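Everything below concerns the one structure shown next.
Order of writing sets the labels: A, B, C and D. Residues in every chain begin at 1.
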Amino acid sequence: MTATAREPLRLAMVGGGQGAFIGAVHRMAARLDGEYRLVAGALSSRPDIARASGAELGLEPGRSYPDFDTMIAAEAARPDGAQVVAVVTPNHMHLAPAAAALRAGLHVICDKPLAADPDLALDFARGVAADGPKFLLTHNYTGYPLMRQARQMARSGELGEIRVVQAEYAQDWLAADVSNKQADWRTDPARSGAGGAIGDIGTHAHNLLRFVTGLEVEALAADLRACVPGRRVDDNANLMLRFAGGATGMLWASQVAVGQENGLRLRVYGTRGGIEWCQIDPNRMWVAELGQPGRWMTRGGPGVTAAGAAGRVPPGHPEGYLEAFATLYRDFADVVRTGRDNPLLPGLADGVEGMLFIKAALASSAADGAWTRLR
Amino acid sequence: MTATAREPLRLAMVGGGQGAFIGAVHRMAARLDGEYRLVAGALSSRPDIARASGAELGLEPGRSYPDFDTMIAAEAARPDGAQVVAVVTPNHMHLAPAAAALRAGLHVICDKPLAADPDLALDFARGVAADGPKFLLTHNYTGYPLMRQARQMARSGELGEIRVVQAEYAQDWLAADVSNKQADWRTDPARSGAGGAIGDIGTHAHNLLRFVTGLEVEALAADLRACVPGRRVDDNANLMLRFAGGATGMLWASQVAVGQENGLRLRVYGTRGGIEWCQIDPNRMWVAELGQPGRWMTRGGPGVTAAGAAGRVPPGHPEGYLEAFATLYRDFADVVRTGRDNPLLPGLADGVEGMLFIKAALASSAADGAWTRLR
Amino acid sequence: MTATAREPLRLAMVGGGQGAFIGAVHRMAARLDGEYRLVAGALSSRPDIARASGAELGLEPGRSYPDFDTMIAAEAARPDGAQVVAVVTPNHMHLAPAAAALRAGLHVICDKPLAADPDLALDFARGVAADGPKFLLTHNYTGYPLMRQARQMARSGELGEIRVVQAEYAQDWLAADVSNKQADWRTDPARSGAGGAIGDIGTHAHNLLRFVTGLEVEALAADLRACVPGRRVDDNANLMLRFAGGATGMLWASQVAVGQENGLRLRVYGTRGGIEWCQIDPNRMWVAELGQPGRWMTRGGPGVTAAGAAGRVPPGHPEGYLEAFATLYRDFADVVRTGRDNPLLPGLADGVEGMLFIKAALASSAADGAWTRLR
Amino acid sequence: MTATAREPLRLAMVGGGQGAFIGAVHRMAARLDGEYRLVAGALSSRPDIARASGAELGLEPGRSYPDFDTMIAAEAARPDGAQVVAVVTPNHMHLAPAAAALRAGLHVICDKPLAADPDLALDFARGVAADGPKFLLTHNYTGYPLMRQARQMARSGELGEIRVVQAEYAQDWLAADVSNKQADWRTDPARSGAGGAIGDIGTHAHNLLRFVTGLEVEALAADLRACVPGRRVDDNANLMLRFAGGATGMLWASQVAVGQENGLRLRVYGTRGGIEWCQIDPNRMWVAELGQPGRWMTRGGPGVTAAGAAGRVPPGHPEGYLEAFATLYRDFADVVRTGRDNPLLPGLADGVEGMLFIKAALASSAADGAWTRLR
């Protein structure tokens, strides 16, 4: 029955208490389509913040837990307990709650990258049963409707054979030696991982180009550096890429590019066509066909045919970051309900690929930019 | 107590059943910030659609009503009944449910324009008690963060004395003689009102320029026409404007401008500065100061200081139409809870001004473009 | 013989001495393609400036004349005398030298608008023999390659029947009460004409929309005003337009729009398609076909087929204002050499239409915006 | 005396006959400011084309020469002979005529890159006397006014210490296996040099970033490839750069990027600010100051202070490729007349640096991307 099908999934959250950034994003994403209801949380490792955050979010006091282990045990035991656990902690705290939730039979939505430590992540991935609960890695930029359209165009051969991929993700929020909750953990190798920009945003660019083109990076040559004196992780990463099958590319990730707010940009060039898309202006995509005038495809506009490329409102009514994020949540709700995986959703395999990417980039850079294979 | 404060408001909806456009938008807007919970609906004038729509939305069967009168009576009688009624019907059906809800002591969120018939709307407005339940008119474009920033800049004198205002709202979805649920009622004088484009979108442009500048249109000269043969309402409206205080301006509303998806654009020029903003690219606003290089202000970016101009996510993470719409819902929830009006929210007075604007435009056009005063 | 054909035409100039703006533009335009050689000048009404200007430009001392009458008489008498006279004086000084040159059998290139006084201009035009020397009016924006492409598209029916035209020309250089050589004569009714912005730039917008669409303005309703206190001519002009054949439109000309450097923009909407072009970004034109993704046509790029729409260098190598201006000069050289008129070149009839446009705009505005026919 | 100073320089041209591209560009550049007069030519290695081309350009028959040696000897012997020789042949034919002209005491304007063979170019450069005739290498993009502004901003410290440079030059005209006069020589190692895209356009990007930042590439890691099967030179070049002093960067040059007409783009990021500029939209430059709203500086607009950054016409009147090219010609005329070098003009040292860049890129790519020093 339709009405039953629309009963929201019960969601628990690990991390995302007061002062956090991405937790609030996950909650808005969960709410937008009415597919989830937040019922429990272990919102902070600090008990006072956990308690206050739970109250602010309207959790029943008994379901605002001091730690994730307690929460998962308690929720798994309730008949009306959480069905899905969202993990929105700093990177080094992703694996433990994710593993606990999966063991308890709960589905997991995990922020990216998969972990701070690639080797731990690979171990973790090997231990996950293919037929167990579902796993979503929130590489949220894949939720943009026009990235789904781009994927269809690149994979269907509309662009011809892909020759060149140019990906970049440039920001400027770490251009100075700032200190705040976000900056502190994201530049702390112990919490973020040995990669800085390469892990925090480079993996987004890497994941997005894979999502669209279907090409895998076979080897890379990297030159990472910390531009800001004293910074312990890279804040600018230059990479050359070689793809399985022969395509070539570059990837630039930077957190010191003054004037760039959140410049994730993807350009793909094939024998017959090219596309260009910019996250900052996400409702249109430049599409060039060799020998034709270039076109702007707009979300949901003429020529847009891919599943999920229409979005929620008509063309000309801009959608943005939250809608794209919410699309992952919405589509994952379908996966949970039906048990059928959705190839458009980033999952564990993508997380592993991201870990291998970070690891290879660090290794290459340490080896003076020597070409380094991902596996 | 914080947690109590966050208990969602109980929302009922009139209209917005299957096949409707704006009802779904209102529901997403209501959900995004977790400030509302949809508890009841009279979702369609057709009982079968009303019932199916209610089921699809997960309403309790007993709270999916066949008509708004029944709903308002029943909900007003329940201790856990709806607190707010959203009216999302075609224009000619706005006033009756709004009036009924207000009489029953329920707050009202009403889609724009206020009504199909200006005279009925003026009567209605005169009958509303100033100290009764609250009333929100969803001129949603005022919810865009940078329009709030523009308002502050225009009203604080940062642009100097305002001389020229150029407003336009151009679409192309009625360029051909289409027929569908949306097109049919919006081009039917009985349901939409005697104004076509002037009422459907011209009022948005008119409201937005008032919101930003604080200037009132004193008189206008209008040339309306139906470009598509057989159309019974205008689909292109050219207007010249004269503002109280001496500024001059123009307004163009069109539904036949091929290539324009939803081109609401506002340009304001004062003695010291000018601004330009386009709804289709809403996360930045062009700001020029005489004798300085022009700047892009970005939502939440450097220099943005107005209340509500930061949005929900950092600059560079685009927000869009739904977020702006949701902002009205969220801010209205505060009004309802605190009882304190918010000057940023469009209300009954704005609805009246819109009605006078439509009426004057129709009268001027009928009088071959003679300058016509709004009051 | 080819080599003979390429012998540059001998050019004389009236006005354009030191401190002038448009004279230098005409000279660069004349030089770019090697089709003209400046041989004589009456470069200023002030003898000292005339002499110094001639020396600076390398004129033979004997061909740097104190006034245009002397120059035209002397040059017409020389076997190697000037063949073409360029008139680049303030508006009120266009007709006299133009008339003298034509009487002497010399071809004329005249800056726009045709004159400061419409009635004198109409008299002048009536007196010009159709089979006499050639006449070019430098409505230079028609020289942009993509405006020639637009003309072909609009006139060939590619846009369908044209319904709506939106033209604007916005600048900010007169936003304050400035005084300099340019500002002084352009805001002096005695030298510029009774129209300010409407004549200086409004006529450009008017001419360009005629050039592209082939539509003639039948009647207009105008609201002109001087925004800057004390200014004796309009610096902002709002107009509604009605075209012969039924299309509708608006035209905005402003010199007080802070942030607009030279914003000439044309938008044309027909039943099948729409185009948008901005002089400030002239190497591309937005083209929308109903139900298709919009395209950017680029100068000389794919799909560009009109004569003269390729320009001088390949797509991606921007051309600009001077190239467009030079195109008029180059094409006029062909007209002079072959005796065959070129419909792409603005001439006397266009000058007359511009005069009627200014006259009607002033009359309408004086009549409180009453619809006023151009003839 | 002013008039004498304006006597045009006498110009001879090697190459640039019928069917050539860049020769016509040089001629327009030479004409625009009236600083040169073409008096002689050895316009083609094919005598019939040389003769026809000379006739078409209006050369005296006796000064349209069959080869450059004859021309230089003859012109050097005439009292009214050419003063400047422009060399616009394919790359492998630059050095011989340039050397001959210099030996004969004539100034040289030479198209880029300096030669097809780096080693020959270095030999050539070593042989040129510092106090001999002047030498201009037409890295024309340095002539854009805003690149001169960028240079001043970068070198004055306005951007702070430069950390990251991103340069790219992307085209698509060789995306397919085309054959025409331009494509044929530019993809023929014997005529173009062993570098394809890296030499033809990569050197432009390399020269431009040096011009603006003053930074020298110390070492590079390159991955060059021919994407089009059978092509004998690279058509896509990916590079990572290390600059003397510690900055990092990337450079991408491609001729197979479908949809890119002539996408030369430069981005420079320092500790205090960043700039971005695109050749395809050359009249504005994005300037970001850390913590301030980003600005568009426009050619000649507010805030533009560098010598040569105003151009020939006011802001809002676009200039383009030909004007930038002409600026090099104009400024070189001053150098020739005054004998004083101009640091804004690219010369022999820049040509050498470009040769070292190509050589290092080819060597690095052959060594699987090993970091390779330029000297």
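Following the convention adopted for this analysis, contacts are C-beta pairs under 8 Å (C-beta built on N, C-alpha and C of every residue); 3 or more make two chains touch, one makes a residue touch a chain.
None of the values given here were measured: they were computed from a predicted structure.
Colleague: Report which of B-D and A-B is connected by more C-beta pairs in contact.
Modeller: Higher contact count goes to A-B.
Colleague: Name the chain whose C-alpha centroid is farthest from the C-alpha centroid of chain B.
Modeller: D
Colleague: Counting in whole Å, what is the centre-to-centre distance of chain B and chain D, each centre being its mean C-alpha position?
Modeller: Here chain B and chain D have centroids separated by 55 Å.
Colleague: What whole-Å value do you get for the distance between chain B and chain C if each is reduced to the mean of its CA atoms?
Modeller: 43
Colleague: Hey, how far is the Cα centre of chain A from the one of chain B, in Å?
Modeller: Centre-to-centre distance between chain A and chain B: 34 Å.
Colleague: Return the residues of chain C touching two or more other chains; collapse runs of consecutive numbers into ranges.
Modeller: 260, 287, 294, 298, 301
Colleague: Enumerate the contact residues on chain D facing chain B in the complex.
Modeller: 287, 291-298, 301-303
Colleague: Flag every residue of chain C that touches chain D in the complex, lowest number first.
Modeller: 1-3, 6-8, 21, 24-25, 27-28, 31-34, 52, 55-59, 171, 173, 260-263, 279-283, 298, 301, 312-323
Colleague: Please give the residue numbers of chain B that touch chain C in the complex, ascending.
Modeller: Those in contact with chain C are residues 159, 163-164, 166, 172, 175-176, 221, 223, 225, 227, 236, 238-240, 242, 248-250, 252, 254, 256-260, 267, 269-276, 286-290, 294, 368-369, 371.
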